[in-house]
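Structures for review follow.
Common to both upcoming complexes is chain A, partnered first by chain B, then by chain C.
Entry: the complex of A and B
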């Protein structure tokens, strides 16, 4: 079979898009595409980070993504304090927060030898508490220029989508064209063999856990700027979302095999499928059941194709 | 704000002195299941202010707040059991589930601890319930929309968190209101989880498939997100019912100043925790208190907007702190 696993995510996204537009007899197509690109961007950014971690192999996953988003968004917006011209200060604060959280996660995993699931989950409680403690849940508005940028567009495409696209290309280049990408894939396929082959496996893991936290922090900064302020529960839906887009996108959940285009397609799909079900007036229960069923169907389709390759 | 608070504190002081003899050695605990949004933060803050003033005045010996970290019923049940062991005389409870904590609540009652549930209440008969008539809140939203738009039209409904009783109750009231004002039709419904960013995303996704919308009925914490989604889609802003969050009120005031925008805002005040505190104090003082109490919701109309904005901290929720007299009035009203 020559079918790439990411085809399924893109096909599903296209079908969901078509089904929704059908309802409006073609009227809202542009509007829907624009919304999908805007909101898909957040899922794509955190999904790319999660993909790198999952590629590290069995047991590697970052569950602190929601808390990272919340803490980075909260600290960045507090630092900016609605003053114009502080967008880059806020970005620096968010990225530095991301780096710090990534370091903390890796220290827990490496020095204390905690399983990543436990380490990141425990750390996320601390990050969430820090976010609560630092601002008690008060929503501070982003500076006007930053708010305009995050909700604005360039050649008809949302600025956020350009950022996500840029990051996707960067990650793709890193994975496919650099030695570090080969190291990551090799570590994920067989950590022991990789170590014996002279690959600095711990350094690769460290860099990966730092990357995912920085990606989450960036997503948190952008989401807070986009939606008019950081909220304490703003990252909540991105925990399962980040893992879902990786799996739907055709990356192997067992690691050692990543798929950048699939993550983008899956991020668009996750927004479109909910929009489609909302547009057809499905109730909350039916919506959850259908979303789950569709995700399982795509994962099965994508994985059977791969195993026959 | 300050004068009101000082006034309330003075009142509490006077009232406290009169009622202190019965409860001066009593200890009250707050068991709270979640702290992850601005509403709960405002609730905890109001409780803290009320409780520390009451302790300083000698009304009660201690009033401590505890929040579970994972919003899990098992965790909160264990927390309640710890409170029984620690010898608290009353437990204020904002519950993770209406039914799953009943066992732990019954244990507390059997141990002689008074349990007062509020906001998210429990069904266990031995506990007190301070509830909001959320169905009525939904009905009032529709009555207001109908009074503003007598000719009717298409509605978008933003619901809360699926599976939570509050969401069902408000939505039920809204649907009853639509049945009463039959010139309206709900053409779309999304779940906004009471969060601006979630509501913004859900509304942006459903808008392309919707006809012209004349009004958006909401549950609180979602109005600003809806307004942003309408603006991003380039659609005219409909009548959006707001939910007392400061960013919603600020947006409303800006629109009013720019183009005379009119709407209303309704939600439950986080200060309900202070009401629960005083009800608990009354129960401990030996007052006869009915098990079912109703707390009014906080409605802000066009005339009250500026005053509400002034007293609401940036990024928080419009709030009222209830005094002992408010608690007595609520108790008297339920008898």
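Entry: the complex of A and C
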């Protein structure tokens, strides 16, 4: 093995950071790093969940992530109702919502045998409608303590980044060291062979679809607290984002192979690219075109590199 | 260039192929003349498949040269790993290999050509050229692949390389192939015939080349070899037939009764009959019913040894080590974590016991030859504690020496009280079993035990209905 695939994501993130800081000749580097780590944390959390699902093999993807984030954030903030000291109640509500949505997704996939793309996309319409119905467009502010926590820092690094790092380590341990991780990786390579080797493939799939929904719910809860309330479109950009960070991070889209450090690097990169283009004064249209081009370029660079190994 | 080389279809001069530090082929010189059937034998990993890939142009030699005095067209290979496109029909698969078939209305000549070729090689086959390949049994797929190899395809076949062509065919079909090979060579064609079944090699080959560790160790006319001499040249220590005196002992209580099969503790139960008569499907159903989609269970009752390695067995992205240990992680692990020390020692132990040819267990599984991958699948199953071991024609592409080793392991494990359900296309293997169920049209047509288990009885039970109808 010559070069780890995650090196690409991290190199690209570093380059984007340098290019932005260069423009402002060093001023604002601290703020940029803070923003990148905070916003990157959301992309990393949903990206880790999406990575687990994509690892399950071809056809497996969760498109309900944005709706999960919105519904979990909305219900959590409604339960807390800006009252101090309810942060853990809100967290519990968000995670329970996530579990419920994960169960619903998997039941659709398993019992109705729907392709995951259809099942999760259809389910997300229901989740989104539930979110609209539950608070009728009112924006409830998070409790002050929780808002402070989600925008605060610990040893100079945003709290959100610590949470994402903790989850990343957890997922890495799961994949590299545990039996469940092995089962997941085996199922993704060849589900039939895995089943014939005695792996409970359905249980592995169920746990994975539950995990991704819980991760999305956690990200929704944190994002709503961070941005001063849940908005109905708050998850929208995380659909493409969750898939892009997995691919850019060097995980195999064909399944069976995942890459935790790559997801983190790619999450930072995705935010930095947008802020780089912002600071160079690019318009919205140009920004989208360039972001798309850059994503394609880095995926090509990483994949040709890999095929030569 | 000697006269012999000038007239040859293909000539190798000191050809070598290295993969990094691995010398798969280490300086081989040989030539194949028109009208000749060259038998190529050697153990798994001896370099047979690499030699084939040099001849058909898949690999370029690292050193030395491969020449085709009459041009490289007309050189065909038929692989042991089936290489048809499963989502296309039989005729469409022919057209992939036949660039002349294009334009409007190419399907009709494609159908006619593949049908003609199938009829020539396998008279009274009943394969529909419009059937999709994944609807065919593994034996039928192999037949199609062989027929494509011999089809004219806009020219004519000059050299056909057959790599383990009979491993998934039953005896009758295999005999048809062998007689076609003889006729093809008599008409001036050349064949390279690779097989672990030495009887077949003797039946068709005019010359036999023995490969060992990437080198030619013997190259003589077939009649100069005796069966034992050939085994000795391949360099395996265990003589054939040593275990043929099996003591049939009394077996314990019935441990499984399903799919019309019945097996007792410590018994080796064979499934026989013509290939594709429902044996594999019955075994898969039986295995799936014994295990769960949802619970792993610390001690699963049954384990499965796949014969169709790419579809049912190998986890292609992983190392040899991880492929061996996947079924026993739950038993050896602690608190949900993989016990890497136990994993490694288990894999090392089985590497020794079953002779997996690698110097590093962390090499990718796909770096192994087909037969060695099969050993990994055996190790995966035998390393578990399961009392029932289900084997779906697991000896395909396994060399004679390894087969003897595996037979011995199976006997030893059965003596310890494990039960084997063993589907095999080779009657010789089935005859070693304690009890045999013969399948015909997905139903059990006979149950044989003890002295009843003979090749004649099995064949009789396989064909009965066909004769009656």
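The definition used in the following text is that the second predicted complex is superposed on the first by the 308 of 309 C-alpha atoms of A that agree within 3 Å, B and C clash if a C-alpha of one lies under 4 Å from a C-alpha of the other, contacts with A are read in each partner's own complex, and residues count from 1 in each chain.
Here is the rule we use: a contact is a pair of C-beta atoms (placed from the backbone, for glycine too) under 8 Å apart; a residue touches a chain by one contact, two chains touch by 3 or more.
Keep in mind it's a predicted model, so treat the numbers as computed, not measured.
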After lining both complexes up on chain A, report clash or fit for chain B versus chain C.
fit
Determine, for the superposed model, which of the two partners chain B and chain C contacts more residues of chain A.
B
Pick one for A:192: touches chain B only (first), chain C only (second), both, or neither.
second
Contact-wise, after the overlay, does A:118 reach chain B, chain C, both or neither (first, second, both, neither)?
neither
Just checking: does A:234 make contact with chain B only, chain C only, both, or neither of them? Give me first, second, both or neither.
first
Taking the superposition as given, does A:132 touch the first partner, chain B, the second, chain C, both, or neither?
first
Closest Cα approach, chain C to chain B, once both complexes are overlaid on chain A (Å)
35
Both chain B and chain C touch chain A; at which residues?
none
Of chain C, residues touching chain A in the complex:
284, 287-288, 291-296, 300, 303-304, 306, 311-318, 322, 326-327, 329-330, 333, 336-338, 380, 384
For the complex, which residues does chain A have touching chain C?
177-183, 185-186, 189-190, 192-203, 252, 256-257
If we count contacts the way the header does, which residues on chain B are in touch with chain A in the complex?
35-38, 40-42, 45, 69, 159, 162-163, 188-191, 193, 195-198, 200-202, 204-210, 224-225, 228, 232-234, 245-247, 313-316
Which of the residues in chain A end up touching chain B in this complex?
20-21, 23-24, 27-29, 31-32, 34-36, 38-39, 125, 128, 132, 136-141, 151, 223, 226-229, 231-234, 236-237, 271-272, 274-275, 278-279, 281, 284-285, 288
